[in-house]
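The structures come next, written out as structure tokens.
Shared between the two complexes below is chain A, which pairs with chain B and chain C, respectively.
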Partner chain A sequence: MADLRNPILPVADPAYIPIPDDDTTTNLGRRFSTRNYSNKLLSSLFTGLILVGLLLAMGNKKSTHTSIPVEEDKILTQPPMSRGKPLGVSEKSNQQLTMRDYEWNDMMLSWQRTAFHFQPKNNWMNDPNGPLFYKGWYHFFYQYNPNGAVWGDIVWGHAVSKDLIRWTHLPLSMIADQWYDVNGVWTGSATFLVDGKIAMLYTGSTNESVQVQCLAYPANHDDPLLLDWVKYSGNPVLVPPPGIGPKDFRDPTTAWMTSTGKWRFSIGSKIHRKGIALIYDTQDFIHYEQLNVTLHGVQGTGMWECVDFYPVSTTHSDGLDTSANGPDVKHVLKASLDDDRHDYYALGNYQEETGEWVPDNPEIDVGIGIRYDYGVFYASKTFYDPIKKRRVLWGWVGEMDSEAADVKKGWASLQGFPRTVAMDTKTGINLIQWPVEEVESLRLRKQEFKDVELKPGMVAPLDIQFGASQLDIVAEFELQKEVVLNSTTFDEEFSCSESKGAAHRGALGPFGILVLSEESLIEKTPVYFYIVKAKNGTLSTFFCADQSRSSLATDVNKLIYGSYVPTLEGEKYSMRILVDHSIVESFAQGGRTVITSRIYPTKAINENAKLFLFNNATEAGIKTSLQVWQMNSANVPASKSTKGGPKLDIVIFFSLLYLVLNFDQFCDKSLGFHF
Partner chain B sequence: MIRSTIFCILTLYPISCIQATPSIPNILGNNLIDQTCKKTPYYDLCIQTLVSCPESFHTDLEGLAKITVGAIAQKASAALRRIETILTKKEHSKPAVREALNACASRYRAVVEQDVPETLMSLRTGNYKFASRGTNDAATEAMSCEEDFAAGESPLSDLNVAVHDVSVVAAAIVQAVIES
Partner chain C sequence: MTTPKLFNLTAAFISLSLFLSSSSADGATATSLITGTCKQTPDFNLCVSTLNANPRGPKAAGVQTLALIIIDAVKAKATTAYADLKRLLKTAPELEGPLKSCAEQYNVILTAEIPEAEEAVSGGVAKFGEDGMRGSASGADLCEDGFVKVKSPLTAENKAVSGLAAVGAAVIRQLE
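Take a look at the complex of A and B:
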């Protein structure tokens, strides 16, 4: 049951074969610092374990390898498995780590706060609400607890921005001051009426904990900041209909216009174990007519929260207004599943006459198919940006640390970096997500690494001249072609979450980048590709993020996330990673698969956070080129590159000048230094 | 028995356990408790926890979840009391142990003041994923408290295990509520 591990781990992870003694100078003149590990015992044990790994990979369960002396996990093949949610398995290890090693101190906790992701100044946040663009401002509302770092006392926070990155926090837009929302002003969405006015529909949890839908609208439509909101005097406008449970009726969507001139929107619910999207028509947002069909439903998926429904073009990657329809249009139906706390979407066709939506492929229907994000990402919601003609996706990224730590640091939760969503016109079966282009305005210094080659088992530190806590990384990888062609390791059944993370060695993977990693690799977060070859030669790409060794702390998530990602003929393996302190967002193949991770290192913080390349495959070498940008903080105006800006530099310069010119006087005073 | 009665009464929302000594129930006759506990990894503990509170025989799945959350609160409070006792008695002068006890106190305060109310509110309003979060976090806090100590030095092992295990049971029942 307990994972008995040698408490004193070797300094470096010996699953990564030592880099040879001679410097590997690359043709960009950059010298990678090499480390000299000479440990023949580890090498031979490791070789034995490769065989173990290969045998297991081929499904051979015979213990023909019993002669290999596997010393109790000195070698890292089994990462400390934490399932994140203790389900009856004791996670005790006989680690001699004392509390002092990783007790959450202010330095570690304050480092966790992000530089360019949306978060309020303190306390708890969850779902994004009613995002919209109005009179020159992007508006963002969100579920907020003004009283603590845990969910409860939920009201609507509010912020505005010109660029989706630099936010100005405004007063709360709605509080729980009515009988129908006293137990929670929950999630809702905005609809722009024909005359440009805004109707906000949201869920209230009543004084008897019944979920009802309520209408709110701006008190003053001339106010670009939309500071004040009015709740319709006749609220609630909708209560749970017959056959729907009083606690299974929440999160109304943005409405779309039908050809009859009525508005139509959806609310998620369930009937027994079937998750469904109810639909209502309205002309005035006060009187509603429930359609006797649902938009769609999928058996076995449970409650559908935060339903989202929107059109995408099949021919171009611009966004479409929520009411758009036509021959070159498909519709995305998305639900947040209460069962597993993940966001799922499916592409399909909306048939307005019947009111139903039909998935293109029922096998990957809503809730049983594709996820927006294979990490921490929930309750997401899109809106149409008419200025830049794009559809933007917001998603709640919760904490993966302990409540006690959240209380200590005084806040919990982030929003994912806003992404555009569009049809992947190359595959036609999935969406592409990509950070909004404004992210590039945060880029400062850049370092490029071209054609770096890593043999199997190599780890190469990247000599980054700036901090590694705020980065935008774009990387491309290629495997050695002949090795891929000749490899006879076939058809492994692979899943990121059930693998051993980056320690899970295959012929053609894993390879990728270690972010937020400490110099000795005692803490590291691998983001990587894992390639599997089928007997007929076709290759499958998996993209994973491994939290299992991201921190020495025992009270943080140690799971491994990821998924299969479609890779087309001729494409290199490409990834983009946004690192922003305790959030890491990883995009594969231009955004076909995305993984959001929350990382809480105890050592790999501030100047001790480093970046590495690695190739832990057993057969194939890799060649990679990457660009690494230093990312600015969103709290600093775009023109300044340092925290204090030029004014501070001038002050420091003259202070030093004065000091130097008058150093005798200073020496006389006992300041403790003498020139 | 008295202790069990107390934890029922301490439950923050009205599940009143009036009888001091409940009669031995016919567990097999009460399908809900048996079925529910089968969905948890600690069947015996689940049965014991629920059966100690007579209200469990007249309530639904949500009610059973609330009862187990009450047990979390009771055991976490006991841990806080023991920490206070040890720290004031100054029995353990080892700084490492005192530090660990202080860290554990923060953890258990989070359980009692954050996790438990969050879970009960979530169950009450039907936004169940926060109940899942609260119960799972309680288990994490308990486990982490135990790991804050060097091997053999924890004066809280029995309570840490108790909180961890009953939290895991509660989390499993919450998941059953979500999937019902």
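Take a look at the complex of A and C:
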């Protein structure tokens, strides 16, 4: 229901003033008229404009603004649209229950493909499989349907990269050609043996749909591309043990070395409603002994899929090999909960002698506590990169539109941008996730905005000189200190998902950034902070991403995602956002809380996607500084000229000058353009 | 001091009672699975009648079988709807626009979403089955919504698919 006191922002408003900037080159082309001047006059005019334009382009590497005229009293209060008719299905279901299709056209659909996220050329993808680094290449395998844009007929796709960003797609590494995996070559993980060889364990769904574990290995260990794989002739090497259901036994982890010299790994399962991680020991990956204890289990969490188990250092932020252990090491146990399609992790201590892992804090145990990501992120898996000494996290980011739209556009699903994971040494109770540093190689032009002040209720358009569909945004916010101190709104119960999104006004929030937003704000995606003050004065920070007004389409997810994020004394509120067409990844406080969103605008696409700052708090003003980078496409080969900017500009300048000075000749030869 | 006739009558009565009670005891076990499952769906009656109409229904040992029966029933309804709309494309050319959109939707339902649901439920990865059923329901809804200014000639078929697919999603949910 619309709140009539606060109407939707007008499309054309005389008070609307875009942020001024020094760079006017983008307007030159449009201002060029085709009136009937003589060629010579025209060509000199053309030259002059080009020269001016190029000089400005060369000189203007970044714009710095100290003041931005803003719209007064523009209030974002449209309530979120209704979420669709409930069907009596459990509320834990993540998606819209009735997803009505919209008239998607080719332009809207083709815009949705990402520029720098992993996705195959077409069809369906889900879980990441067996990620590893080998002989100079990062390898990525994934659950893939070669026959359509919905889940089914699952086999292993394969791609390689030198930098985790630019991928070369290779032929399928494993297909469903054995009785034990004919109904699906499902998820698995890689282990590096002592001699450097790779053992890949994966789940096969047999001809009777029983879930079994199978061993595969490279056909040729000298091939850096690992093109061909061999399935062990004695597969399956593991079948569901007594007491475990034949369809509750899947997704083996990477193995770690124990002090007895045996390898140990885990497989998720469940017993009634208790999600558990089974453990097995092996010396050869062919014969296994199941331990009579589980690594861990948590009542009420249901089936644990895609278990992951790895050590993190408590003192530094480098990654550790999966077999590492010691006094300054904690272990992360992670599970994907089938019930709610979320990935949960907990920190704890691994007791190798007993084989068990014990959480540091049972109240936020696996499945009932912290999530890697409060948006769309599932079946995630880490691997250790020994070259850069980091642990890298991959995660499946599914679609949040309708299956019919997926079939129409011919593909479904992305992988999250690879992130490093490490202990947050400042808090000691959570992990930090951050896009891998190679992301910076995609940065092109930058615009900076310093010390922008927004009063309560304000929206400020950011005049970005490049498209707003491919961005890396780093922003810091501060609230007015005296307002925070004197505010008497206390102890508000708040949760992102149960709030009204960015329209939910509080004394100290929401404030943040509108991404993928249309000029009139009829479509917008707020990513923001919401601060709650307690009676004793302490502040709690919430970080949310609001999909409720992200699209006029009625068949896309309109939920609001987010979570509490720990903020330490003296820290500003900081966020980083990667925008890549239909995926938006938002990181708060250096990666303490992450939200991945899928956005499907009908209007805010291509040149109509814009960026705004906003402050919808009722009491506090904010001050913010941000940097916005234009992001290159990963499909463009990494060229060195992007770094040698001025040199390239000079080459263009002289080429154009030559062209223009010889304009007469071109015109006389009637090349087809006349004025 | 019973007469032969009375003896026969009593024997007949006792055997009849035993026969009736034993068959209803089996029926009660299967029915309680169906009843318990269908109570957690948006249309209890549709769920029960669909499951009972299939000979495998009352004998089903678990929810997975019930889910597969519902998916089969959705497939049957969708196939009928598709046949009807193909016929209408010939006989009602004035409705070509919305009918073609319907054909697109039912194509997705029959070639992508129902096979997805079957494979997922058989394989024990129920969530993809749920996706397939919910997608089928919304596809039928969209077909119906496409008839904006005219009365839809496919209302009965669309409602059948939509209602049953919603039941299917709810049954599959219980497998997770």
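Points to keep in mind about this one:
What we mean here is this: the second predicted complex is superposed on the first by the 539 of 675 C-alpha atoms of A that agree within 3 Å, B and C clash if a C-alpha of one lies under 4 Å from a C-alpha of the other, contacts with A are read in each partner's own complex, and residues count from 1 in each chain.
The rule is short, and it goes like this: contacts are C-beta pairs under 8 Å (C-beta built on N, C-alpha and C of every residue); 3 or more make two chains touch, one makes a residue touch a chain.
Predicted, not measured: the structure shown is a model, and the values here were computed from it.
In the superposition on chain A, A:D555 makes contact with both chain B and chain C.
Looking at the shared chain after the overlay, A:R273 reaches chain B, while chain C stays out of its contact range. In the superposition on chain A, contact of A:V150 is made with both chain B and chain C. Contact with both chain B and chain C is seen for A:D339 once the two complexes are overlaid on the shared chain. In the superposed model, A:N361 makes contact with neither chain B nor chain C.
In the superposition on chain A, A:N220 makes contact with neither chain B nor chain C.
Overlap of the chain B and chain C interfaces on chain A comprises residues 87-88, 90, 93, 95, 98-100, 148-152, 183-184, 205, 209, 211, 245-248, 302-303, 338-339, 341, 402-404, 407-408, 555. Taken in their complex, chain B has these residues touching chain A: 41-42, 96, 99-100, 103, 106-107, 109-111, 114-115, 117-118, 121-122, 124-130, 132-134, 136-137, 139-141, 143-144, 146-151, 164-165, 167-168, 171-172, 178-179.
For chain C in complex with chain A, the residues that touch the partner chain are 40-42, 104-105, 108, 111-113, 115-116, 119-120, 122-128, 130-132, 134-135, 137-139, 141-142, 145, 166, 169-170, 173, 176.
Contact residues on chain A toward chain B in their complex (touch as defined above): 85-88, 90-96, 98-100, 103, 148-152, 183-184, 186, 205, 209, 211, 245-248, 250, 273, 302-303, 338-339, 341, 398, 402-404, 406-408, 554-555. Of all residues in chain A, only 87-90, 93, 95, 97-101, 148-153, 183-184, 205, 209, 211, 245-248, 302-303, 338-339, 341, 402-404, 407-408, 555 touch chain C in the complex they form.
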